[in-house]
Amino acid sequence: MTTHRIEALTDGIFAIAMTLLVLTLVLPEAGKELAEVHSLLLGQIDKFFNYALSFVLLAIFWIRHHQQFHLIKRTDGKHLWINIFFLMFVALMPFSTSLVGDYSREPLAEVFFGLNIFMLGMFLSWNWVYATNHHRLVDPSLDPWSIALGTKRGMITMLVAVLAIGLAFVDPRISSFAYLLIPILYGVLGYRHRRMTEGAA
Amino acid sequence: MTTHRIEALTDGIFAIAMTLLVLTLVLPEAGKELAEVHSLLLGQIDKFFNYALSFVLLAIFWIRHHQQFHLIKRTDGKHLWINIFFLMFVALMPFSTSLVGDYSREPLAEVFFGLNIFMLGMFLSWNWVYATNHHRLVDPSLDPWSIALGTKRGMITMLVAVLAIGLAFVDPRISSFAYLLIPILYGVLGYRHRRMTEGAA
Amino acid sequence: MTTHRIEALTDGIFAIAMTLLVLTLVLPEAGKELAEVHSLLLGQIDKFFNYALSFVLLAIFWIRHHQQFHLIKRTDGKHLWINIFFLMFVALMPFSTSLVGDYSREPLAEVFFGLNIFMLGMFLSWNWVYATNHHRLVDPSLDPWSIALGTKRGMITMLVAVLAIGLAFVDPRISSFAYLLIPILYGVLGYRHRRMTEGAA
Amino acid sequence: MTTHRIEALTDGIFAIAMTLLVLTLVLPEAGKELAEVHSLLLGQIDKFFNYALSFVLLAIFWIRHHQQFHLIKRTDGKHLWINIFFLMFVALMPFSTSLVGDYSREPLAEVFFGLNIFMLGMFLSWNWVYATNHHRLVDPSLDPWSIALGTKRGMITMLVAVLAIGLAFVDPRISSFAYLLIPILYGVLGYRHRRMTEGAA
């Protein structure tokens, strides 16, 4: 089975989930005064931050999926289902983002959001480990460094999600900031990877 | 007429229907206390189960559609319309899922959901029977075992939907669990099929 | 400029508009009794009919767009904009369908819906006339019968919309049924066309 | 890395954002009288204008993206992220359009809308300047006139957004009309460009 249509479904679900995030922003009700509009927009700076954070996190997962499928040459039944469970948690992100936007001070909301990110990281890592194990679904010539890079990125996502869940119990307001570690650590990994091997995707 | 654009429309409608399922989950209203958030999340475990169930059922139909169109080489006017009515019931799934989530104890809601699944099964079976009859839209060399496998899968879906509708009158809370038979029976069928003939898609 | 991406945008907008139609159906509020659920579902049979009608009408326009672009080989700036205004009225369909579902007895709602269909018919006809005039964007060998067929189909859509708008002032409840003439007249046209010339798309 | 999948994600997000704009239109509540429906539809002529304006603006950005990627042959990590931030502001458009539709007389709403357009213009210009700088991601033979045309179009968008933000403080009701300058000035630029060089995309 080729990977063309699972990629199309994935791009569709990512596009919709990323656009539905905007529904987490609260519109002022018609008939309010200017002063209230002003305060309503300022009052949801948290929500704008959450919107941007979830958009960027989904984009990171989309790019990783893109990079993995650039190297994955075919799919099978089990691999398809790992992807579908991954997509189930992609589609859940607008709900998790709303929850954390409405309850930025409640640990429970941050834990829910953290679990969503953890599941995304887990299924995407499983996707990669399953595909590269014995070069099952990738090119036999794929080098071990690129395989290891994908695996390490998956572990980083899961570890950061665990850290953010832990921070939620200390102070829920700083929990979200932990996710900024993901792009930073990816950058460091990518830099070290490029120094080791040129030409990997 | 080629099948390229009906596949693109299908992937789009599936992606949107699968993502809109998340709108069936109820967000706690802003301003609620932590205790209420806690109970609200726990209180809709049913809804999370329904979300996951509908997502998986839609994924099963999407995979079957994918498998059929992998073998269907062209389309015609009637075939296009069978697909469009199939898509009409795909797009109805967020409504049916909401209904059954809000009324998990009412037989009527489960019957409505069961009818939706039945129609999905019926139109997808019709799609397959129409396309393979006299090898109308498939490769002339397609073996009879693969044709029969597709037909049997369609019958399983419809039979399970009828069973679930019947169970709705016995106890609506167990009706949904009947759908778990679909992946199990598909697995059994696929296993027997692989033993009979290697190389089918 | 090639037509690949305008086709992708079109498929996307059609898929979303067709799926958003489901939001015109009213869910019973949580906490209602079974009897009320029963009457609520029965009470919106009109809405289910409108949902199916709009879905089928959008599918007809999608198929016509598909058929036109099967023959249209390239695009230019003006042609792109005709398509974008067409898509603007595709995206308006969930609104028009809601309006007519909520006010099935008000002529004004039916007039609004009729105007939406008229604009869809007009822009799609314009698309075809512009593309085929002096064979501007189609193959020079495209036969005059196929060109005339596309033009006649466009005129049928606009005439039926005008008829439905007129009927709205006589009895708004029968206005919607006029649209059933579109598939019937298309069928007649297509039959006559096939008798005149074999092999047209 | 090829540009295929970022184009697919872009087409998806544009299609959804353009279709979600329709949710900014307010449906009359069920049970209202005809007279109220009439006045409700007339009363939101502003909103219909905003719907059409945002749809056309998004279409202009989509066409520019299309034209740029027609010439951009490959992508890299930084280029991907410029595109993702561009898409973040595409997905924000239904929110900005709702805001300006509900508060057409408040400067703050128009400023928010203007900033959204400005950011879209800025990221799309950055996309182009980054890709064409030293012919980084475009064909080495791409002529300087086409590169300059893309850059000038980006500057026009940003300047018009600044003008509209300025007008918002003079009279918010006329601010939106400033955006009509974008297609007009693009037309002028395109005409001059065609006179200078034939054959650019």
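Labels for the chains are A, B, C and D, by order of writing; each one numbers its residues from 1.
One rule holds for everything that comes next: a residue touches a chain if its C-beta (ideal position, glycine included) is under 8 Å from a C-beta of that chain, and two chains touch if they have at least 3 such contacts.
Small disclaimer: the values here were computed from a predicted structure and weren't measured.
Chemist: Quick check on subunit A against subunit D: do more than half of the interface residue numbers occur in both copies, making it same, or fewer, making it different?
Modeler: Since fewer than half of the residue numbers are used by both chains, the interface counts as different.
Chemist: Please report how far subunit C has to rotate so that its Cα atoms sit on those of subunit D, a copy of the same sequence, as a value between 0 and 180° in steps of 5.
Modeler: 90
Chemist: How big is the gap, in whole Å, between where the Cα atoms of subunit A centre and where those of subunit B centre?
Modeler: Inter-chain centre distance comes to 26 Å.
Chemist: State, to the nearest whole Å, the distance from the C-alpha centre of subunit B to the C-alpha centre of subunit D.
Modeler: A distance of 37 Å separates the two centres.
Chemist: Mark out which residues of subunit C touch at least two other chains, giving numbers and ranges.
Modeler: 8, 12, 15-16, 20
Chemist: So in the complex, which bits of subunit C are touching subunit B?
Modeler: 7-8, 11-12, 14-16, 18-22, 25, 27-30, 34, 37-38, 41, 51-52, 55-56, 59, 62-63, 66, 70, 190, 201
Chemist: For subunit C, which residues count as touching subunit D in their complex?
Modeler: For this pair, the touching residues of subunit C are 1, 5, 8-9, 12-13, 15-17, 20, 26, 77, 80-81, 84, 87-88, 91-92, 94-95, 98-99, 102-103, 106, 108-109, 112.
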